[in-house]
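Written below as structure tokens is the structure these notes are about.
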Amino acid sequence: MSLLDLLLLLSLLTTLYLYAFGNHRNAGHLGMVVYAVATGLVIAMAGPLADGTGAVGSTFAPVMLGHVLSWSMDGLGWFFALLTTGAAFFASWYMSGEWNAEQPNKRIQHGTLALNVFCMLLLLSSGDLLSLFIGWEFVSWAAFLMMTQLGSHAARAAFRYMLYALAGAMAVFAAILIVKAQIGSFAFADLRAAVPALSDGLKWLLFGLFGLGFGVKMAIVPFHLWQAPAYSFTPGASSAFLNAVSARMGLFAILLVLGKLIGFATLSDLALPLIPMDAKTLLMWVAAITMVVPTFIALMQTDARMLLTWHGIGQGGYMLLGVLVATPLGTAAGLMHVLNYASYQMALVLAVFAVIHRTGTADLDELGGLIKRMPFTYLALLMGIIGLAGLPPMNGFVSKWMIYKSLLDTQQPLLLIAAFVGTLGTILSVYKLIHNIFLGQLRAEHQKVGEAPGSMLAPMLILAGIGFATGFFPGLALGVVDVAQAALGVELLPHGLGGVYLATGSLNMIWVVGIMIGAIGFGAFVFYVIGNRRYGVHQFDNYAGGHFLSADIRYHFSHEFYPGLARLIGPWYRGSVVNMENGLMIGLKTAGDLWHGAFRIAYTPFYLLVALAIGLWWAGLDGGF
Amino acid sequence: MTQPKNLPSSLDIILHEIPGVRMTPKEGRRIRVDSSPDSLPALLELLKGRMGFMHLSAISCVDWPETDEFELIYHVWSYEQKSLVSAHVSISRDPGRFVSVYDIHTPAGFYERDIHEMFGVVFVGSPNLRKFILTSWDGPPPMLKSFDTLGYVNETYGWVDYQPDWLRDVEGKGGGIES
Amino acid sequence: MVEIANPGMLELVVDLVLMPIVAFVVGLALVLMARRVRAKIERRVGPPFLQPVYDIVKLYSKRTQISHGWMHDVAIMLLLGGFITAEIFLPVPGMSGLAEHGDLLTLIYIMMVPMLGMALGVGDCANPNGSIGISRALTAMLAYDVPYIIAVVGACMVYGTSNLVEIVQIQQAGGPATWGIVTMPLLAIAGLISMHGMLGKEPFEIYIAPAEIATGPMVEMSGKYMGALFVMQCFQLYTVGVLYTTLFLGGGEMWLTFLPKVFAVILVFVAITNLFGRLRTEDVIAWMWKWPTGIALLGLLLVMIDV
Amino acid sequence: MNDQVPVVGEERPETCRAPDAEERSLWRRVMDQFADHCRSRSLFVLHYCTGCGAVELPPTITSRFDMERVGVSPMVTPRQADLLLITGYLSVKTLKRVILSYEQMQSPKYVLGFGSCTINGGMYWNSYATVKRLDQYIPVDGFIAGCMPRPEAVQQVILDLMRRIDSGQANAWRDYYLDYDTYLGRQAALFGEEWHTPTDVVAEARHYGYFGPGTTGVHTARLKNYTEWALNQIPELLPERGRNEKART
């Protein structure tokens, strides 16, 4: 019974138990304990993986189609497993208190969360291509279960996700079959050994199919339409879990297959016929577009949850870009961004759902001034948006700085500029988020709104605290990243506790954040000592051009927060990709109708007979396939 | 300035159609028309329709306490004829009611509302006779000659007899302006 | 050659204290120059020598200080703290402070912290004039930061490093021939225009806009809050001037040659400011994304060809 | 100099310092001296153009007479202003806005009344709609006689005001806190019993130590706490909006 077995067994049992007794009052607390134990198990597995070659094997080895399936978790899988169990712990904590009392379908929420964790662990510890595919299917299916709980538009969004996921899965399955046909085995090592011998056309085919299949889950640009509604309409903590972890399974698969097995080096040798660009640069430009386009779509959202999920897609682009740079700094940046993103995105989504829990709406035009009623939720959201925008005191800045530095060192300025434009768009939309919810005039009906309950505040603030801690001491996160980087076969990045020292420019966050805290302390000293004491006034004691303010006139600016920008880039939102998707759907539908029409004609058995005859004749022709 | 020589004749033809109307050309391009209260709307209609007196620039009201009458003056200007007609009508102060000409000239709505607030004249059919400028005024219509402005001022703003010594010695030296 | 000794603790502490003070004093002089130049253009005498000091002392010595909430106060602390941190990471002649520990990209982000702090504080003032001002300020930031980042990236590629101290050393070692403005003129022009946008002066003054939104973010600032904004203006002028000089005008070896360059840069901005009206928000974005960005991309192309 | 101007009550000799009891230490006195010096040389002006005097200010502030030489610069909102210029006759409606702006200004604040309309009603002395004496409703530091005073007269008064600020005698603003009840009484007499402004002057006086015997009294008692009143009675004001389809969380 290896550690991996223990982990998988524990999460399977939890799934069954929680699905059965999820309605129990402290099912959430049980979930917290279980996920804490799971995280402990994962950390315990770190020992043998540190050098990058070791792997914790599992004794469970069923035989399928004459091939032995194997499960073993290496450094890369370990890294994402740590992320998954950690996120599940905080999600379960969020669901344990007052939140739970109000939910109609507690049992399903707890059950699906545990199921998702189990399926993800299964995927992350896959030993060969077949088990990878099985794990991949389980994860897609479990995510569908979690998304479709609330019915109506949530179910529609989940169904749309299922279509994308199935298409992706078919692509991956086709690629695996091609590998089986070419190399004759599903094992990772065989594929890795056989890749240099493959022809360029076949490499392009594998790159296309694997890239497409895994890219769908990561929602890179052409396939990004399903993620925002699917993740937003999932209830509460599950949405936070999906946002933080679920899309990263695609990144894990890309890293595993394209990075470790096929290798980014081989990708960069595949030159495109006409354009001076190779496969890796093509994928990098796709990642760059994934950074910019969803961020500017997020800018125009009016629902807080949609805004955050669109940002999730954008941030996925950063991770992919970082990893694809393939230098030690770039890979470390991409992997660290995975951790950083999980911490601040989860804090943000949990904070938004706390606001929904109290005010009943997430519509940015219906809120305002909640800082006076929910200060701690405001604090969690503030630290989250500083991380999401990538500004110094928080960890988001460190990984973004490393991505920029790696792009600078590999002489790719245009990608850096695309990344920076994405950051600017993020800063604009996160300020719109925090302003429309917490700042400005408090609405009349929100006068008596209370602060979010303790069980919801604690996970948010701890996640934000983790964000600040890894921002202040990036060495902590970089230590975890080293394990995954070693498994990827990329040489490790020399780093101290404070940050990275390079010849062409270094970053020491201990100095940067330390000086910031000192300087802000000096600002506080100047504020409190020089000048008379402050006197707080209420929101109606405000300049309104001589008008006497009162609550029945709404003196607040939040609708269409960036009118100038909207007037200029409004026409760009023609939804060309949405039209493409609709076009695809209509094409499939008409093809289906055509096919259906052909069969409805009366004497269908005649056609069957003809088809059968042709089949037999062909089979007989050359002695079978 | 061209003297509209042909004007009185063409106006005469029109005005004969309306009973009780007297016209006296004033200096320059102004014509004063005295009409009876009930024929005023017809007069304005005719002026506007036939002679192009489109622009009702103002309605002024004069309070005659001796004859207990309000005199309403409608100033209408014609861009074609380039001349101004002032139609004078006098109504009795007591009921202080008159018909509204809003349907002929829309700006009349505001002028009537203003006169209603300042003089208390009720214009029947005027769209909106609510408080106009003196939003927080609950006293009598202030422009009436019967309203004692000075008394109101002394009582509201508290008149203070102000005779400082410097003012007395300036007046002693024969007013402020030194020779 | 500026010999950057390994900054012992004492010298570091001196740097930490001295750099913000120098920044504040030079900033005051820059603000005075800006107001005097504006006065001379309007054929006026202009304010006395100590006017910026009088304004700031008066604002801080107001008897009543109105605040709209704790975030309004924290914003003022973030404002000063952010700019003091930026000064410490900006190398000046004789004092390199902590520029070894954080490079140019870090500095760009540190300069965004006070902007975010002010935005949150103004949001807490619950006044729509302020919110509209901040929305316009962020839109303008989106506009002028595109050519700005292209210029900065181009500079980093030409110098081969993003460590500010080394950038200064390279330009000092090679003399005026290796100054940024000589090796990459197009990027220098784009940088100049974008930094002008950063100051929020006349052509790009959409977020102060006194006639439209009652001085935008400053609408509810009074007393020491307003004083902090005046101090921020000094720091902002100084930081923009020194950053431009460091990147494109060869940085400073000694103060006598360094300060004239900083004043010259700010003089260019102030001279242009008083000749223009105020552009609308979308015109600012359209203009900034067309001409400066075009020039910057052209400059970057040239840099990439021969790098 | 002072007797020319009709001033409410007698002129208070002590200086502009906060009236704290213990004798102020040397350091505090030096600081106050320096603060008054700077306060006099940096006046931010909010000119409330109520009447015909507003046209005199552009030449005063811009190139013709250039008041920036002495540190006077125009500001847009009362929050940032120290000097409020009332440039003309005041109708009852305008006086409400003037009082709101005055209370939004941060003390020490100064008011200058332009022209005879603010002194004794001017040529509208017998009009039912205009206020006759501005200093009955807000404390005024200086009047400029004339109908309308020219920029030279405006400069003269501002320079005089600066001298009085420098020597610390321009403290009419404290009268507003110390005698708030009388001011409120006169305002209520004109505007009606329901008159109140969003600014809570009594709490501000108590917070900064300008709470004298005259601050509260008959009229301020009627002034219920505006904040509670404004914030609490809102639910009745607004129909309970059906909470839009409570986002199924």
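A, B, C and D are the chain letters, set down in written order, and residue numbers restart from 1 in every chain.
Operating definition for what follows: a residue touches a chain if its C-beta (ideal position, glycine included) is under 8 Å from a C-beta of that chain, and two chains touch if they have at least 3 such contacts.
Bear in mind the structure is a predicted one, so any value in this text is a computation, not a measurement.
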item: Most centrally placed chain, judged by C-alpha centres; value: C
item: Most contacted chain pair (by C-beta pair count); value: A-C
item: Separation of mean Cα positions, chain D and chain B [Å, integer]; value: 39
item: Distance between chain centroids, defined by C-alpha means - chain C, chain D (Å); value: 36
item: Inter-chain centre distance, chain B versus chain C - centres from mean C-alpha coordinates, in Å; value: 62
item: Chain B residues counted as touching two or more neighbouring chains; value: none
item: Junction residues of chain D, two or more chains touched; value: 77, 79, 204, 208
item: For chain C, residues that touch 2 or more chains besides their own; value: 61-66, 214, 219-220, 223
item: Contact graph of the chains (line, ring, star, complete, other); value: other
item: Which pairs of chains touch, using the document's own definition; value: A-C, A-D, B-D, C-D
item: Complex contact set, residues of chain A against chain D; value: 102-103, 150, 154, 233, 235-236, 353, 356-357, 360-363, 366, 444-445, 447, 532-533, 535, 537-538, 540-543, 546, 548-552
item: Touching residues (chain side chain A, partner chain C) in the complex; value: 369, 371-372, 375, 378, 382, 386, 389-393, 397, 401, 404-405, 408, 411, 413, 416-417, 420-421, 424-425, 427-428, 431-432, 434-435, 438-442, 498, 503-508, 511-512, 515-516, 518-524, 526-527, 530-537, 539, 541-545, 555-558, 561-565, 567-568
item: Complex contact set, residues of chain C against chain D; value: 35, 39, 42-48, 50-51, 53-55, 57-58, 61-66, 210, 214-215, 218-223, 226
item: Of chain D, residues touching chain A in the complex; value: 77-79, 96-97, 100-101, 104, 197-200, 203-204, 207-208, 226-227, 230-232, 234-235, 237-238, 240-241, 243-244, 246-249
item: Chain B residues touching chain D - in the complex, by the definition given at the top; value: 134-136, 139, 142, 147, 149-150, 152-153, 156-158, 160, 162, 164, 166
